[in-house]
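Here come two complexes built around chain A, the first alongside chain B, the second alongside chain C.
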Partner chain A sequence: MSDLSTDTLLPDSTRKPLQLDGYRELQLPDSTRKPQQQDGYRELQQPDSTRNTQQIDGYRDPQLVARLLQRIEQLTERIKASQATKLPAVQPATHPSTLRLMEVCGTHTMAIARYGLRSLLPPEIKLLSGPGCPVCVTANSDIDRIIALTRIDRLTVAIFGDMLRVPGSSTSLAERRAAGASVEVVYSPLDALQFAKEHPEQQVVFIAVGFETTAPIIAQTLLRAAEQRLANFSLLSALKQVPPALAALLQDPRLALDGLILPGHVSTILGLQAYQFIATDYQMPAVVTGFEPVDILAGITALLEQVNAKQEGQVVAIGNAYHRAVRENGNPEAQSSIQQVFASQDSVWRGLGLIPQSGLALRPEYRDYDAEQRFQLDVEPTVEPRGCRCGDVLRGIITPPECPHFGISCTPSQPLGACMVSSEGSCAAYYRYGIQFA
Partner chain B sequence: MSVSEQIVMAHGSGSTMMRELIDEYFLSVYGSAELAQGNDSACLKLATPTTELAFTTDSYVVTPLFFAGGDIGRLAVSGTVNDLATSGATPLYLSLAFIMEEGLPLSELRLICQSIAQTAAEAQVSIVTGDTKVVPRGKGDKVYINTAGIGVFLSQRPLSGANCQPGDKILLSGTLGDHGITIVSARENLNFSTNIVSDVAPLNHLVAKVLQAAPATRCFRDPTRGGLAATINELAAQSATSMTIEESLVPVNPAVQGAAEMLGYDIYQIANEGKMVAIVPAEQATAALAAMRTDEHGKNAAIIGEVSGPPASGLPAAWVRTPFGSTRVLDMLVGEQLPRIC
Partner chain C sequence: MCLAVPAVVLQINLDRTALVDILGVQRVVALDLLPQAVVGDYVLVHAGFAIELISAETAEETLAFFAEFPELAEGL
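Let's turn to the complex of A and B:
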């Protein structure tokens, strides 16, 4: 084990054996280079110096990446060797020769593609994308509800740009906008609120799409609207919660996962506590990590450690390779914002179907701000796009190039399904960065 | 604002008001001898006998009109000068046509015209003909400018993107993304607490310096809309080669990089208005780079990649090698540039 310990990676770390949750040292590449700044990996405050992108941040240090890759290779060998000698019962049921790891979050999918990490990993490691792109998992019926809103007079739909081109049953918001509907792209729900204030003659409906990451700011926006008694602002919620979807995934026997790379942003809100069931109920190795190459590879390293430990009969625990952002309890203030404004409700996910208690609806006391209460919506019957396999992609059953439409009848300019539209969609990530060619 | 302080319909009517506007705001600010002649068309003299001219046109509709590092006037001159320069031509003459919306403050028009004059002087081009139109309020967006330009080939055959050869080096004259991020942060009131500034500038002198130092330079291209990604893909397609960019060699202002990542934009797809890509044979690449760096708009120039043989059938032609040794496709923008969701 000593050859695999963390201290071989960092010259100045204290010599101690690796623990499953012991990646704090790995997360501080600055310690080997220069004093750590408070949030020292963006350097947005230092615009004068022109430097190459690779140096922007220690979490993109090619040397550290190379050392982590070496570690991952060693661990993969170790797991394979162990698999060969262990009883079949501890092997993954359907895919004995590969290590199937799922990155749940769309931002991870995009980062893995952008940095070309897949091609650097040992061939045994198969990274699958999960249902962590909020645009992609928004059901067709929800898109149709938004489109129905655009048919109401003197109503502006305020929405994140990613949603514009997602095809609904018969049309998209981009097409509705071109036809004259009022669709405003916003960067933040607060922009929608501002727009409502500036356009008192218009009803403004903010489309709440996203996970626990976006929910707190949306909750705060709604509270502000209520405080200001803004009569022309309302909200249509298609918000979703990650943990119930993970539970649904883990119950799917076709997946046969070996480990989960848990989302970083969502975890800053929820904390590690939200994932305990993954370890206790499913004994599934799982690690939270961030979005830089070093984060992702450190996360995979920690995950492989867990897989190996599980092989050796140890109990798994949720790992944290994103110490600089994620705490055990998350962000309690953000959590209470969500709880103040929203209540769990059943929600339909594209590809995963109805997942109990996985959505967030406005609490009854905020019903006045619920667009569905305020407006009579004439929603067209939902038609799923024919032949689209987004659902299988979102569940990790197939990778994007395994879909017969990928790159042929479904491209970013002519998308068949949401996974090809969103900047976080796994089909878009594969297509955009040419993973099928790499 | 009183009528006397803003553009009104009469300014485009052929009246004395229009005459006065032209005299006071255009002729006296950026007028050339040709413009002053007052004829319906300018008669241009070419100093050298030449059989080939470069001729280009572009329209400018940027919002806001004024942004950190520039304005629509500087953009309108630089854009057309740069389009001429990319072919190896020496830009000489520009036309300049305004379409103004009723209500445009004259104070803003004056600033734009001063900026046009200053940029034209910087580029050493003359504005020799122009036009003024006014549209009713609500039918335009303050002011649109169209410029067309004529350049001549002095010692140089016209350059073409089709000339790129395997083994050539790809040079970039400076940092990527500055203009696009400046505009989006101004437009969306993002207020980044940094001094991100547009790079808009005429680059004909930079091009001339490179051509003098590296006469075998295959071509130039300015990575404007669609950014470096569009430029590299176009050049590779035009010359039936493949091209690979080394990510670690691409100069980017960290503030711009940070802003782009925050907004979910790809730095390679963001517009630049004061940058030049040059494709240069390997043996002259160092000389070309040194020449670029002597120009004030080329201080951060770098060799960022290489041209190789045609891509295998079905494979993309433009690639990025990451600092980690992996490669990915250098993808072009699809549709609008949109902010990310989370």
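Let's turn to the complex of A and C:
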């Protein structure tokens, strides 16, 4: 896909710079992927002359991928052999023949599906998708609150595009927009701020959905609005925090996980420090990693090293396979932005229910910018979508193909629930990349 | 949703923003969360904000580590 040789990055000059596209074709499962999808993706990825593509190509190097896969196979064999000889007490909780690894980041979900990584791994490794897609975990009651906003005159809802088609109890934002409501899709909360400046006659409410990656950005946008004394801008917060959700998952005995693949860019903000409780309180192997094939496979390798070490009686520690973007202490500037503007509050997650102190609400000093303070909302009673098992998918209880509606009565064009709507939802990822096996 | 893309800083503006190059596309991003960024830095961009410096050195060291890690090379 590029003429950039990896030799400039890698000391071992005997390695040939293979063409990645050829490798992908070779490895990707079968004809279920439509050619136009792949062509579109290639076009998107076609690098320009910019310098930073060198780094990216290095992390897509097929030879590194092959080495990591070999190491993963070795470790899987070693873990299996060790399981067979050890006492039951030190075996993984309930699934001795499989290694259950969960990723809790929608961008990982998409990357794993896009690169066909499941099909490359040993059959013993089962990759589960957890509650890592902010759109998917947004509760129906929150969708209904947003929809209630669209019924207010001279009010524009500004929102990330992924949220548009998520069905609420009786309708979606897309349907509200078709019916004449003012709904603006934005790439950045700063675009919502700009829209508010340009439309002083209109109240603009930005819908804050996301995890710690997005929370500081929204905090800074609000601080800019306050600085500019923008009277027609406010926020509705459905922001969530990842560590309390991880704690809730780890307390669920049904899940029986062997390891956690921790999110990359949430960790960029929070740093490794935020996950120490996973090692100390739960002795669960866990590794932060990035989003290129080499990153993900290096993360799985490091995770299996930890599973193996744990079997041999060693103490687990949080691993970092994304050194170039994640530091021990994260981004302190971003953390203090979150602290300055938001305070923790209880929050309801689709599939996981109420998780104490897992949400972010505006602090009292910013209540003037809180849409719920500013407007009287008439929210309809919450009705969960019938038959949708998004909640079970988000907890790793089932994989998307195990839902009877998957691909039949639930598709991206006719979604039953959020996991099929969001581009980062597990169901959407499995559907788009034609993954039919669990 | 937590997607962030690498970019190169081309120019620092006076209003806490920077002109960056994201895979060949130029865009203005906010520097509120990364005030220390300078021209030539690699940064991660998420939803219109630079959120972290990417260490090019670390990126290359990591690749070199994988390339040379003896256990990974076993059997090749």
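In this section, the second predicted complex is superposed on the first by the 380 of 438 C-alpha atoms of A that agree within 3 Å, B and C clash if a C-alpha of one lies under 4 Å from a C-alpha of the other, contacts with A are read in each partner's own complex, and residues count from 1 in each chain.
Here is the rule we use: a residue touches a chain if its C-beta (ideal position, glycine included) is under 8 Å from a C-beta of that chain, and two chains touch if they have at least 3 such contacts.
What you are looking at is a predicted structure, and each value in this text was computed from that prediction instead of being measured.
Enquirer: In the overlay, answer first, second, both or neither for which of chain B and chain C A:107 touches.
Expert: both
Enquirer: Quick check on the superposed pair: does A:117 touch chain B, chain C, both, or neither? Answer first, second, both or neither.
Expert: Only chain B; A:117 stays clear of chain C.
Enquirer: If you stack the two complexes on chain A, which partner ends up touching A:432: first (chain B), second (chain C), both, or neither?
Expert: It touches chain B, and chain C stays clear.
Enquirer: With the two structures laid over each other on chain A, which partner does A:187 touch: chain B (first), chain C (second), both, or neither?
Expert: both
Enquirer: Of the partners chain B and chain C, which touch A:337 in the superposed model: first, second, both, neither?
Expert: second
Enquirer: Could you look at A:197 and tell me whether it touches chain B, chain C, both or neither (first, second, both, neither)?
Expert: Touch status of A:197: no partner.
Enquirer: Touching A:216, do we find chain B (first), chain C (second), both, or neither?
Expert: second
Enquirer: Does the superposition put A:135 against chain B (first), chain C (second), both, or neither?
Expert: A:135 contacts both chain B and chain C.
Enquirer: Classify the contacts of A:80 with the two partner chains as first (chain B alone), second (chain C alone), both, or neither.
Expert: Neither partner.
Enquirer: Jot down the residues of chain A that show up as touching in both complexes, chain B in one and chain C in the other.
Expert: Correct list for chain A: 47, 49-53, 56, 66, 107, 134-135, 160, 162, 187, 209-211, 213-214, 265, 422, 424.
Enquirer: Contact residues on chain A for chain B in the complex?
Expert: Of all residues in chain A, those touching chain B are 42-47, 49-54, 56, 60, 62, 65-66, 107, 113-120, 134-135, 160-165, 174, 185, 187, 209-211, 213-214, 265, 293, 412-413, 422-424, 431-435, 437-438.
Enquirer: So in the complex, the part of chain B that touches chain A is made up of which residues?
Expert: Touch residues, chain B against chain A: 175, 188, 190, 192-196, 247-259, 263-264, 267, 300, 315-316, 319, 322-329, 331, 334-336, 338-342.
Enquirer: Can you list the chain C residues touching chain A in their complex?
Expert: Answer in residue numbers: 1-4, 6-8, 21, 23-24, 30, 32-35, 42, 44, 46-49, 51-52, 54-56, 58-64, 66-68, 71-76.
Enquirer: Flag every residue of chain A that touches chain C in the complex, lowest number first.
Expert: Touching chain C: residues 6, 9-12, 15, 47-53, 55-56, 58-59, 61, 64, 66-68, 70-71, 74, 105-107, 133-135, 160, 162, 187-191, 209-211, 213-214, 216-217, 220, 223-224, 263-266, 268-269, 294, 298, 301, 323-325, 331, 333-334, 337, 422, 424 of chain A.
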